[in-house]
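Chain naming follows the written order as A, B, C and D, and within any one chain the residues start at number 1.
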């Protein structure tokens, strides 16, 4: 099983499972309340230079409130997992929070277009990049979640994506086939937004998990934001529905609408107008600075951000849209 | 990444993902009714010589009805995944259905004791064995489910379990650590018992999944037995609760109490008296033959087996026990 | 003959490639519209999978994101990225639809950077997303893109997503699963496939109003031409009606 | 002094090893009883994990199987074997309790076969189950077994589950995660640990009514003896009351 090809990208984290084991050995397993406010959680668990990953996909179930708070607190020099990072990416890029990125998908907002500020930052030469794919990053989290230094896969073979990754290509000792080895990625800290959590961090996600199952296990520290706190009794009533167990979790922050202006399945649909405003305002540097002040730097918290964008009334409209009630209403 | 140690066990299946891909390429993805009776499903998808795996763990959510039917139809020369195989194992051993076994846990019924007939068969020299562990077999299914020829792990190192397995030990090219490589296991056919399924095979399991998520994806053919059929509309009402998607499934058989005399979580508890009867009767060869005739060979189907063991009244008692109602009743 | 625009013909032509009972991994936009159109015309049993986890939803409208809640609306399963991509890796997914900023004669796609200095690119694009994964695992990759000499280039600046790599047997020799690879390229001017031995791009069908020369003039490398180049059937009235009224009534994809 | 039987003292002694807030992977029977007893005495926050997927249930009674519905009754999560064992592999699980048909001076366990011909064993036992996995991954392995010269053997017929292998550094050199290994052996006669350098089994505490010599007489290899061998505290009235009334009222494990 020879190493046949070596990539040129740099690993921003150590894939050594024994170093991770030493960390996890000392992590508390006590079932005690971890409820705190978001700004305290970010202050406590997100540090300059840390490797950060956030949950969700695109602007869906993405912890936007946490991204704002990280920018507001002025974190710098972080590494970031660009795993279909869209609106989260442009927020963090606007704050120049990171200078190293593992890329699967960045700078774009899917069908909505590309983010000028994110592109400019990525084209500045100030950000070190290592290239992966969505499944590649998911695989790296999965390797970490399994406590092994890598898992094999059959993607990125033959491409420049491989050359600019930190993967290796080897020959399979069972079959002789060429395999990509995806090294484990243990983020220092991850933030995942969930539908429901108890005070200990037992949490439920409804709908697609994306790669948050793997991420929640790979991360050394894990902050949950939750649409609502629920009782431990309710968690225990239906253990099949638990998506994330409490012992992975360091902080539980109840932040309603924390994925706004993105979508939270079954709760609220994305605010497409505000997302377009985000993209449009970036064309003018001064306006963008003012926009960031208004929405992030001078905005004390997510409640105020929601208030500035229509508050409960707007959230109700987005809920109607999410539940497709707007169609029934317009037809009714 | 050299191969440092080579085990002596034989792989009963080919870990080549491309051969599996060729099979899966031709497997139908049409969403059409797959409802059939269990004996037809076993006749159609379980063949002499095939590699068989069954779902559940111990005598919990194990497809006992299918095991009876396989013995009743006289399958021979099969290979079997002995993944905490307990009552299922002694049934299949009584029928001498298999002659090759991947072992994690066999011949025992956990706290209930060891099965004389299963031990005798395993000590006869007529069964070829390859040694693994529970996580080892789960890892082999996981590798298959990922479409890769192996996954790395850190178990079975240093032991005779490794020597008698079909694993390899290599040096990790990222960390220099020694790793076990667990080769992919694609069973020819698997049977999994579920709580609810629609006619297409979209299925829900309540409570622990054990390794049935991985197994359902690894198996080339998959037979579901289900406590009850539900509508596709109900499946689509709550896609978060789907455990197995229809495109993995070849046959859907509604068989109420199909895990009896084992436990089906939230439905019925195990019939410990009948399981003890199973163990006790094996001490006498003639009595055991008669017992097998009564319970399997001369028993047309699982409905009759249930009828011979107390029918609906007994099932109600086991339901009360499962839901701990017997405690409330005795205290009431 | 019906009136239609560039996007409409591409979507209609792409939809025809998807036979009933097939599985397809799609992104949002044109690929999703093509899959929806196929479902509503000749392939009611087409199984649509989204990389973020949605399996076989009953799409109430065009999703905006590959992971938005529409992608698992009344789905048979709301799963995960690993589950979907594992399913592709196991060989259960027949088709995928991709695009890219650049494509070369072997169907290799670039969606990463333009420029020569990787560390300081002239233009930074999003990167692979799930494209490299889908193209590595799914049996047949279909590319939908506009016919344009700046897109169809001699050499892509960066191979984000594998096509036939350097042609011939190079793709299978790289370790990518045998039997996979680019299948068709669908543009506003025509349909290309790949010559079986060399794996070079080859025009096989020309859209109404265009000739092979039009396609070649809007292609930055020498195109092969199939012996019997076909005329692409234009979108039917029925295809257009379903596309406009049922698939994309708000004209997110087909434009206004 | 309270009356107690062999099983009761082993369970009480084992329970004391589990500090509050620790995680423990347990099987049914005595290990589960010990964990439940610890929860109900000094370790209310002890987290019990079952290999089939149950996490931190509120056990209404002794489970019969590691996978029966009691193991996830009012649990915080009903998970899977891969999830539980991955969690062990990541280093999040502190303790595991194991048994076996044979154990040697390095704490290696045999639960596979007795006999010299592997292909036709004299006795076939169940095999590893999850024991090898737990012992490979969890930080501290505790073995509960009866003190018996046929169990404590010079050389086990088959190393199913790793102890310190050949002693010294051989365990870590085999690639097993550093910092893991057998921690204590709890028998009806006493408690053993392992001498830190040689990794040979060493008596550290003698149960009431027994001496070191009793233990050595019921051990098929030479035992080391700790400098200050302790007297094991017998089960307290309170421990026995909780064990008999709350943990195992039907006396499944502690016997009648």
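Throughout what follows, a contact is a pair of C-beta atoms (placed from the backbone, for glycine too) under 8 Å apart; a residue touches a chain by one contact, two chains touch by 3 or more.
Small disclaimer: the values here were computed from a predicted structure and weren't measured.
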item	value
Euclidean distance of C-alpha centroids - chain B vs chain D, Å	28
Computed distance of Cα centres, chain C from chain B, in Å	40
Whole-Å gap between the CA centroids of chain C and chain D	57
Junction residues of chain C, two or more chains touched	72, 78-79, 89, 137, 177
Residues of chain A engaged with two or more neighbouring chains	17-18, 146-148, 153-154, 177, 179, 206-207, 239-240
Pairwise touch network: line, ring, star, complete, or other	other
In contact (per the touch rule at the top): chain pairs	A-B, A-C, A-D, B-C, B-D
Residue ranges of chain D in contact with chain B within the complex	27-29, 51-54, 60, 64-69, 71-73, 78-82, 85, 89, 108, 112, 118-133, 136-137, 158-162, 165, 170-171, 174-177, 252
Chain C to chain B touching residues, read off their complex	20-23, 45, 47, 55-58, 72, 74-79, 86-92, 94, 137, 139, 177-179
Chain C-touching residues of chain A, taken from the complex the two chains share	56-61, 82, 84, 86, 103-108, 110-112, 114, 119, 122-125, 128-129, 131-136, 138-139, 142, 153-161, 164, 169, 177-180, 206-214, 263, 265-266, 269-270, 272, 322, 324, 327
Of chain A, residues touching chain B in the complex	1-3, 15-18, 146-154, 168, 170, 172-175, 177, 179, 181, 183, 206-207, 239-241
Sites on chain B touched by chain C in the complex	17-18, 20-25, 27-32, 144-148, 200, 202, 217, 232, 235-237, 239-240, 242, 245-247
